[in-house]
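Shared between the two complexes below is subunit A, which has subunit B as its partner in the first and subunit C in the second.
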Partner chain A sequence: MAKKIDISTKVQQGEPVGVIAAQSIGEPGTQMILKTFHFAGIAATITTSGLPRIVELLDAKKIPTTPFSSIYLMDEAKKDFVKADQIAKKINEVRVNDISRRILENFSNGKIRIVLDKQALEAVDLTPSQVAARISKAYELDAAATPEGNVEISTHTKVLKDIRSISVKLMHALVSGVAGAGKAVVTQSKTTGEFYIESAGSNIELMLPIDGIDKAKIYTNDVFEMYKVLGIEAARNVLAKELKETFDGQGININERHVLLVADAMTSRGHIESIGRHGLVGSKESVFARAAFEETVKHLINAAAFGETDFMRGVTENILVGKQIPLGTGVVKLAVKKQDVEKKSKK
Partner chain B sequence: MQAEIINNIKFGIFSPEQIKKLSVAKLTVPDTYNEDGYPIDGGLLDQRLGVIDPGLVCKTCGGRNKNCPGHFGHIELVRPAIHSEFGKIINMLLQATCQKCHRILLNNDQIASFKSEIDAELTTESGAKENSADSHSEAALLKKVKSIKKCPHCEAVQEKLKYSMPTYFYMGERRLKPDEIRDMLMKISDSDLLLLGIDPRTSRPEGLILDTLLVPPVGVRPSITLETGERSEDDLTHKLVDIMRINQRLEQNINAGAPQIIIDDLWELLQYHVTTYFNNETSGIPPARHRSGRALKTIAQRLKGKEGRFRYNLSGKRVNYSARTVISVDPFIDIDEVGIPRSIAEKMTVPFYVTEWNFEAAKALLERTEYPVVVNVIMPDGKRKRILETNKEDLVKELKAGYILERQLQDGDITLFNRQPSLHRISIMAHRARIMGGKTFRINYCSTTPYNADFDGDEMNLHIPQTLEAQAEARYLMLVAEQIFSPKNGDAVITNGEDGVVGFHLLTQDDALLTKDEVAYLLGIAGVREMPKEAKGGMYRGKDVFSLLLPKGLNYELTTKKEHFVIKNGQLIEGTVTKAIFGQGNTMFVKIVSDFGFEALRKFLSNASRVADACATFYGVSIGVKDYLTSEEVTRQKEKLIADTDTKVHDLIISYKNGKLEPLLGYTLRQSLERMITAELDMARESAGNMLASHTDKKNSAMLMSISGKGNIVQFAQMSMFLGQQAPMSGGRIKRGYYTKRVVPHVEPKSILPRARGFVTSNFSAGLTPVEMMMHAIGARSSVIHKGLLTPKSGYLQRRLANAMQDYCVYSDGSVRDVSNNIIQTVYGGDGVEPTRVRFAKTELGEGD
Partner chain C sequence: MAKKISEKCYIHLNGRAIGHVADPLAFVSEVRSARRKGAISGEVNIAYMSRLNVIHINTDRGRVRKPYIIVEDGKSKLTKELLDKLQKKEIEFNYLIRAGALEFLDAEEEENALVAISESDITPKTTHLEVDPTMIFGLTINTAPYPESNNLARHLMFASYIKQAQGLYATNFNLRFDSRAYILFYPQAPLITTTAYETLKFSNHASGQNFVIALSTQYGYNKQDAVVVSKGAVDRGLGRSMFYKTYSDEERRYPGGQKDVFKMPPATTDGYLGEHAYAKLSDDGIIEPELDVEEGDVLVGKVAPPRFLEENLGAGGLEEKTRDDSIVVKPGEKGVVDRVIFTESPGATKIVKVRVRGIRVPEVGDKFGSRHGQKGVISQVVPNEDMPFTESGIVPDLLLNPHGIPGRMTFGHLLETLSAKAASLKGSKIDGTAFAQTGKERMDDYTKILEAYGFDKHGEEQLYDGVTGRPFKAKIFTGIVYYNRLYHMVSNKMQVRSRGSVQILTHQPTEGKARQGGLRFGEMERDVLVAYGASLLLKERMLDQSDKWPVLICNDCGSFGYRDYAKKLNVCPLCGGSNLTEVEISYAFKLLLDEIRSLHIRPRIGLNE
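Right, the complex of A and B next:
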């Protein structure tokens, strides 16, 4: 048996971890595309996420293209579909549009009638009177259920324009659920068999107070919302998790350290910054680093006008002037200089 | 001359006095050359500004073309012009200050609070003002100031100021002339400028109104002599000629007492030329054009963008000591070697630093007459002499410590090898040189993965590090052996793939037996001078041959669903080599490195690649149509499978139409149906693969490739069974059309049957029907289009990422910080473990931790 060779697993001082992370994340970007080309024609390997999602996350886009949240449930509800479904109904976003066939305006008596879709109404567990109550409460309108199961709103005005504007507003009026939550459905976990709720939108601020949900486990893929509601640490975790999962979904294995570094970089100042000229690169200390990236002239002009100084501490600046970069083996310096030794020996 | 090391660079605005001090010549003649072809004195190519003709001498410094960097000149404008690029800044200053007393439009309290903010900034660690763009709070200030109608200091009522891009300023209705603006700017006090974030020592804003224009040296704007002998001037020179002409005309008109309108018009024209001289893409004004109609490339255009000075010449530089040619394979060289053509090796040089200790060796080297010879000698004063027959003897005599000999490249020299696009750090690795014939670079195919290289015409670059420091860094940090594990995820990326796996797969079969000659042949290739122990009948087991390549005493075991692979004490006991053992992300390499070190792995891989290749050739892996023809039994089963699938889908559709289909959670009925159909079709393809695998002989070449890991069963099934569902990049089954909702007119309108929506039941060996071919083409085209759309996106993403994070590095306390000393992570990755070594960390902590 050969003697065990000691291989250090620790990062060494000066390791340019930023560049390595950037390359590790950027390089598979091209791979993602090239690989799907090789497998052209097989349905299972083609996905719609991938690069666009990565770009969206790193751009720190305010609203994700496909918002999504998972709401986990407390003890009882997670084992009982009926209870879970009740909570889901509280979250499920229902607007007048979703449950009505048409909206009729009667301009002569100033009344608006919402002709309800009975089936749709049943599906979301609502009655016409509930709809009417909700509308009258939220919009301060005079709404009432009619005997034939519709809702009628008295506008108390005969001005055409007002009636129309009310009816337009009514179309999108929230009848039940959480605004922005989208369609919420009870799902069963494949691993634990427990029920939880998935919703095609997210508004965790309003979801959190709902009884029966596990507040500690609520999750949304909307990084900004996470930041707003649960703070920057939560946002950082979501960012890292979303990035990692997007790569995993493409069958690309990236060490989580790289993803974490990106997430940390984007959140280290206490708010979310994008990777780009309006975010991290744009707020760099060095004039040259900014000028060499984008908007060259703008940065140089501002530097001149305000009398900025470039201290040559970063990578780009030093490459520009032909100096050694302060990374890797470049961070190592001599503690004693040759001249000093010579001086001493002379003495 | 020792160049100074730049410590920091301060930006600022030149005052007219500074310009005059810097300038060596006042230029007055709006022309370049006289009739004799000599530069005109006081013209734009005045010899005091430096020279470009090799024959002439600079009148300022006496230097020639090569050692005179050029000197600045200046033009005096009779009427001042605004530096248009600074329009926004000038506007900010005018808005923020009183029109009468020129104090900042803030009362004393506000000033005090503002000052404390700035003081806080000043006392930051660096001791200097933080430069980051967001520290300019002038935008906030401007907002505050806009609503102020009355100066808090002199109580003067502020008139409305309007700024219109790029150089027009109005006070009320009246247009402000540049000289008026200059007067206003001049009266702003230094302390007020500080409040606005401006450093008054270097950036007094009145310098933005130009009455003296700095003219760059001729070296910056060289004129070109065409073949016809005609001179062609640089765009900047053209622009400067324009400025001077107008300036002259303006002067003449003023002196002649011309009416104000004419003077104003000319002044306006002068402003236009100055504006376009700085930036010919200024919005709101037409670009100045060359006679041919091409827009001129002026200062801003020279700096901007991918082909601009910054990104083209400063961030990336051209280098010497480099070579480029086509690459090709050579499985016989080691993984960390590169085959270099003799013709290239003879031209490239490596420095040999002469000291008193290697003096004899240096002398012997210098005296050589055959390759490798010394090409140049560099004297201690930096002069370089080419060695010729005539001066060689003298140089040998002259040689002493401190000289540098530049000798031709030879075996074992350290080189850097690179293939573009350089997407990650392992796109450049150090290889040891191996000089050989031919005209291409040769690399071992194991090392192609990190470069993403193949041999269909790819070209690669080779660099020779010139200093001992660089060579040492390359040798100890960049050598291929060090890069076997990827920084991306710690997987082994340099491995024996494709044919190599197939070769070993055949060699390590349980029944593989070889004769003594065969064994000697295979092991001889690897340089192993040892025979394995004999098995029955004077034959040798293939597994024993493979074992001899392994490091002595290796213990390794891998058990997965599919395989069981055991190496005990350097002997392969059980199992055959497949992609799982040898391919990317395998664990055997980790074991080898942690027990024997990188050198052992490098040796093993180099040897293994040679033997594996020989094995593949020795056994012969060839493919014919026959390998892809299936037995009648399989064909029958396949047809039954397709028929079954058709029935199942049909049943699904029927139950959907009857309303009996149970919807999936979270899906509508229609979506559920689609998902169920897709699942059914996917299952069909999968079972086709399994069917094929279980019915095909293991000795079938196509099957062999799928098992060992060159390709997979899917590709085999596509050729022998059927293609399965085709899909566009947008996901789901192929969809098309508005009303009829059919992909091709050969199917029923609105049909959702498998075949109508891209399910292909033919295979590549039998051929596709026209409709199937169409479906296949839709999928293929869609992916090509996607590839084209996403490639630039991903490139830009990587550029942004690299630019955002390039300054981060690990400090001595294990934290990650940027250059301004902001902490990004307190401990790298949360645990300080290096990504290439994660696999090793596991073994250290014990499995399962």
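Right, the complex of A and C next:
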């Protein structure tokens, strides 16, 4: 029985799945609202949603507006909040700006003093000497903790411009955590009760080597990062998942197959392509199909300059000239042609 | 420094800064009291913008202003004595302004006012009182009954429907030559009126009729916004109207001394429409009144000089060529010539206006609207004997679907149904002005009247199916509602095309009713056929029924060729060969290739098989 259904629901030869996917996504897509309302919650959970997110994904934007990653943990840590929190602290991105009140530059002796915010420092489990050690290691500067609990840096220069440029660099210096990871917070799963880490940024390349995290389950909504670190198949999965979840979030139910087709099309050439004139449509084989979409003149001029040939294999170009389209009933051709029969009968 | 400037309250007179004051509130109240005393003009409005710490004084023209009753210390200045005097006509409205009981506020000063809607709403902070609670609605909405019982969005819809209502738009309509005019045959004053309606004397030129309605479904024929109408009622003149259309033409003069001439065009004119088209014209080439005309008939025969001059040059003694420029009745239109007038333009050229009239009997597709933003389109005209009827033999004029009421929250519609029924029994109009009575008072009044005349107090009646004669299982809410016939009528919009004219440039069918056009089979419609895989149907739409064009294509060099009928040969003008194949392509594609060729780019077509 199951087999019967399976066969009957299979797509047939010549079925225009692309157009059906486009219509199935496009029609309910018109109901999507541009601005979405957010609910109060942790800062890390606010991500772009609705139409802007869909546009971002289909345009294959290099950096998402709101990058976000979920880091799942291995055996012990996922049941123990304290252990999970330790890992989260390794990830949580802390820069000098986040833990300092002000940066004082002393141009007469060439020293820079970072006045630390003790509360902020405590919150991220750091000591002034750790901060100093980190700065001196990363920037090859003489940094030391002062008795008052601040950090002082000797620049060994008295050139005003150099001191200022160092202090500006220091403001954004990474003190602990993974660059680009953003705020990492331990969260408890509502379904399994296990702990995992959510972070308002993503850099899974640097997160993966950290001990105690589940390398197989790490997730980011950054499609390009997924492609870079884990490959095109992972990127395709993320793309499909993000699209589907964005539609679901808007209360729009679209069959997964349509979304998967879009994700497949965007990744089928081994790299991520957008849907539009810079991506899929712009790389169509047919000159006429490209010219009919956008930048008509550009495509016609290039076709003329390079002597391109249109093989009339697509839909658009065949409608343009008035031929039967090679889809649906148009894929069926006679195996034996009339002339061949005549030729044979003559022999 | 910066702080000191903002401490000063600047005064803008008609948008121009003229000075500043230290205490803005005291200044504003001083100006206002001076205005109320009559020391300064009542047309001065002053407003203090507390957020910007600025005073705006406006005395210029073009401001919309509205009268309010002044309230001081929680008491209305329009006292009982003043009201009594006003009623006895001892004083007039302007006296109240001079007496400081009323004042006009503009949009800016309204921002400073706290207005109570009725006297009971006055609090110590109140500064003004509405002249009447109905003032919260506009004039148009106040002509509708029970607006306080309806959803706000429905008021706006009523306001737009009433503009489209056919009625008696002008009593001299018979003398007017409006390009389009609609006159209702039997306009009625509504059974439920309002103060605003009576003040406007709207019933002197009413735009609707009182329809007997039943909130009942009719075999599903009135689903959504469809309504079922009784043919009996339509035959008796319900909603019947006259449509007037004026065709006008002028004997234009052209540079070079040529001019148009109104006359019976001779058969030699360019574009002569054939003898039968001019058959109804009199000798002067203009139609006579009271003649039946239909599409293709000429109303005014006009002969114009040729569009381009060269045709006449060099042909000295020959007769001057002329072009037929007659007015023809547009496709799909018909009627009777009502009136013909001759007049003169400022440039002393002759003008003819022909007014054609036609009766518009309500038919399937015509639009109606009640005064509660409830529109309806006739879906069926049911013979009188097949309509449901009440025990007393009343047949409703219109059957409205009850599902249209709850979602739209037009309770006023139900209230009107009930009260108009009471009014018709009582034999006098009932007042439906907003806030005039409470809902309970109204219901008590209406139910009393209905019971007194032996009807169900809630307006429900036992109805019998006109087709089967059986009683309906449920009692049905029946009453009277005032309906407007709106000017969207199928007979003025309907259009069909099977074959017809095409555009010159693209060879594709024309668009629009005036050009006998087709309905565009656009990109999205095309996608639907693609998605279905109906490749041959798609080809039929896009090519065979559109801009199919046979071309000869050279098998050797791929360029367009032609047929030399003298030599009975196909010729390729580029390579000189005669090995060509005829193919059908879309004219739009041929045009594209032509344009590309004109850019000195040579497209070549290769053919398979």
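In this text, the second predicted complex is superposed on the first by the 312 of 347 C-alpha atoms of A that agree within 3 Å, B and C clash if a C-alpha of one lies under 4 Å from a C-alpha of the other, contacts with A are read in each partner's own complex, and residues count from 1 in each chain.
Assume a residue touches a chain if its C-beta (ideal position, glycine included) is under 8 Å from a C-beta of that chain, and two chains touch if they have at least 3 such contacts.
Since the model is a prediction, treat every value here as computed from it, not as a measurement.
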Considering only the touch criterion stated at the top, classify A:279 as touching first (subunit B), second (subunit C), both, or neither. first
Given the touch rule stated above, what does A:232 touch, subunit B (first), subunit C (second), both, or neither? neither
Classify the contacts of A:260 with the two partner chains as first (subunit B alone), second (subunit C alone), both, or neither. first
Identify the partner contact of A:9: answer first if only subunit B is touched, second if only subunit C is, both if each is, neither if none is. first
Identify the partner contact of A:198: answer first if only subunit B is touched, second if only subunit C is, both if each is, neither if none is. first
I'd like to check the shared interface: which positions of subunit A are touched by both subunit B and subunit C across the two complexes? 14-16, 19-20, 22-23, 300, 304, 309, 315, 319-321, 323, 326-329
Give every residue of subunit A touching subunit B within the complex, in rising order. 1-2, 4-5, 7-30, 32-34, 36-37, 40-44, 46-48, 51, 54-55, 58, 183, 185-188, 198, 253-258, 260-262, 264-265, 268-269, 275-276, 279-293, 296-297, 299-316, 319-321, 323, 326-329, 331
So in the complex, the part of subunit A that touches subunit C is made up of which residues? 14-16, 19-20, 22-23, 300, 304, 309, 315, 319-330
Which residues, counting only subunit C, touch subunit A once they are in their complex? 526-528, 530-536, 538-539, 542-543, 548, 584-586, 588-589, 592, 596, 601, 606
Looking at the complex, which residues from subunit B come into contact with subunit A? 5-13, 85-86, 89, 126, 128-134, 136, 197-203, 205, 208, 279, 300, 303-305, 308, 310-311, 314-315, 421, 423-425, 473, 477, 487-491, 551-553, 555, 585, 593-597, 665-666, 678, 681-682, 685, 714, 723-733, 776, 779-780, 783-784, 786-787, 790-791, 793-795, 797-798, 800-812, 814, 816, 818-820, 822-825, 828-830, 832-835, 837-838, 840-841, 844
